[in-house]
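Next come two complexes, and both contain chain A; in the first it sits with chain B, in the second with chain C.
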Partner chain A sequence: MTSKCETTTRSLPGCAVIELSGEVDGSAADVLSKAYDEAVVADQAPCVLLDFSAVDYINSTGIALIVSVLAKARSQGRQVVASGLSDHYRQIFAITRLSDFIQLYDDIDAAAAGVGAN
Partner chain B sequence: MTMTSRERVLTSFAVPSEPGNERLALTRVAEAVAAADLTADQLERLKTAVAEATMNAIEHGNHNRPELDVDVTVVDTGAAIAVSIVDNGGAHEPENDGHIALPDLDLKLAGLQSPRGWGLFLIRNMVDAMDVSTDGDKHTVRLLMVTGDPATQTPDGQTPDGQAPTPEGGPDDQQV
Partner chain C sequence: MSTQEQQPVQPVAIEEIELAVKEQTVAVPKTKVPRDAAYWAPKVDRLVVDADKAAMGFNVAGRRVTGPQQGFGKLWQRTYSAALRPTVSPEQLISEWKDHFASFWPKGNRFGGTLIAPGEVAPIAVNTGGGLKLSTGVLVLYADPESFTFMTPEGHMFAGWITFSGYVENETTIAQIQILLRTSDPLFEMSWPVMKLMEDRFWRQTMRNVAAHFGVTRADITGKTVCVDTKRQWKNWRNVWHNSGIRSVLHLLTAPVRLVRRAR
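On to the complex of A and B.
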């Protein structure tokens, strides 16, 4: 199945940013994994920011991908933060307890400020 | 499905069992309930539950066989929106990647449980009630979202006048 997820990576002080758009489902596995590897190679920052501002759908397999990214980042000693989640997906991050491990911010600017303050 | 005089079918359709078609189901259900008395939050939760149940029907019920349909029916019961999602693939076989176990993020992060296995958990947390039934090869998941003022209804969707949108059959913990 062709992925409907696209990513853009960039760097902010102290944080590698992965901006996602489209749909985060099982078909996004390769896209997200590649984006993560590119982001952390290009930027040895101790934090990875996943921005979901342009994401309109996350399903259970997408949640599993986010769990995998979180597990990989933690194994490398990196913090994961997220921004741009809708209220609905914030609820899902709370239900799944992802938000216990991933600090949530309203947008990239707030995340950058929050990470910089840490 | 037995209908009462208060119940009204909003839509009924089928999607082929191909990965990604849960999005078609989600969209069509959302269109069908657009005029229903659901809050924006309820609508989003119903959409997620419908997508997850349809995905389970496609994958675990019909085993991604496109010649098998997943049938979706949306009914306004007068007290709730009821969405029935039916696959025709016979008994569901549990996945071997931890779908049966309650998802535990600590275990997943420790590598002791598959990262997957969130579907049923999400469904149960998104809707007001859910039940599962099997009739021959037909496997039905019925989702309920209570409509109207929640203050006048109990958590399981019963109204003070006893008009209950209770699903047929009882709760069922089997894998969907």
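On to the complex of A and C.
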């Protein structure tokens, strides 16, 4: 399956950032897994920030992928936070109860400040 | 009573009202509706069961939904798939699967849902052997033309999501069931070695039934189980309070009391 999800990774103090764009669905598994590995290898930060500002589609398989990232990060002792979620995706994070475990921020700057403050 | 003198009301011209309405309309920014918006269930705090399914849904009404992170045991991803004929599109597969969902389940188990649509709550009764039916249910979390996902309520054997989907691979349509789960509590975790075998039989038979519906009589079912997180979540041990196994037994034992009450 060809993925319509793209990622870029970068580092902020205390946080490895994965910026997602396009569609987060089942076909994004390899893209997301690779981005996670790149981000945490390049930056041994205790936190991984997933930025959804440029995401315009998430289905239930995509949410399952995010759970897998969360599980992987937690098993490595890393915190996962998210930013750039529209009201719609905030609601999805609420109903799937992902927001019980992932701190949500308005944007990357707010997330970086929040993670730094913790 | 107010002693203030009332000011005379000035009449407003129709043109002014129209202008105000027009400006208001222009001023309101148009919110872009995401393409997936119609596919997701609205947020619910506690599940509600339709009155006609209340008797079957006693372990569902008032419960909260649980994702894998609310469970207790290790996090598993189980995948079952079967190849169908190339003439069946993923959309056809999912449409038929939604319409006949209950009939694809192995005999002795009951799916109480009437519609596979986002937000629907379906009580279920699972045959555990020995005559005991374990009563629980699911929420339809997501449904689009090529997939649908169930989320489990508190007390279900598993905390997690089950996704039924269809996709094309090498010009063949594949039917797939993917489950992301943790056992809900320590008691279910202890019975996991047995439960996973029962679960395996259940979903393989479901897949065979789906394949047979599309004319594939001897479907080759492939199964894969991956442990995504080996850690148990001990902080969630209290989930045992909602354990549907215990509550189903209690419900069975107290059936005579309910009968007497109803007779009065």
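In the analysis below, the second predicted complex is superposed on the first by the 118 of 118 C-alpha atoms of A that agree within 3 Å, B and C clash if a C-alpha of one lies under 4 Å from a C-alpha of the other, contacts with A are read in each partner's own complex, and residues count from 1 in each chain.
Here is the rule we go by: a contact is a pair of C-beta atoms (placed from the backbone, for glycine too) under 8 Å apart; a residue touches a chain by one contact, two chains touch by 3 or more.
Source: prediction; values computed, not measured.
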| request: Based on the superposed arrangement around chain A, label chain B with chain C as either clash or fit. | output: clash
| Which partner does A:K72 contact after superposing on A: first (chain B), second (chain C), both, neither? | second
| task | Report for A:H88: first if it touches chain B alone, second if chain C alone, otherwise both or neither. | result | both
| said: Applying the document's definition of touch, where does A:D56 land relative to chain B and chain C: first, second, both, or neither? | reply: second
| query | After superposing on chain A, which stretch of chain C overlaps chain B: 93-101, 129-137, 237-245 or 255-263? | reply | 93-101
| task | Find the residues of chain A that appear in the contact set with chain B and again in the contact set with chain C. | result | 1, 26, 57, 59-61, 63-64, 67-68, 70-71, 74, 86, 88, 91-92, 95-98, 100-101
| query | If you look only at chain B, which of its residues touch chain A in the complex? | reply | 19-20, 22-23, 41, 44-45, 48, 51-52, 55, 103, 105, 108-109, 111, 114-119, 121-122, 125
| Once bound in the complex, which stretches of chain A touch chain B? | 1, 23, 25-27, 57, 59-61, 63-65, 67-68, 70-71, 74, 86-88, 91-92, 95-98, 100-101
| field | chain A residues touching chain C - in the complex, by the definition given at the top | value | 1, 26, 56-61, 63-64, 67-68, 70-72, 74-75, 86, 88-89, 91-92, 94-98, 100-101
| Which of the residues in chain C come into contact with chain A in the complex? | 33-37, 39-44, 65-70, 75, 77, 141-142, 144, 147-149, 151, 161, 163, 165, 167, 169, 178, 180, 228-231
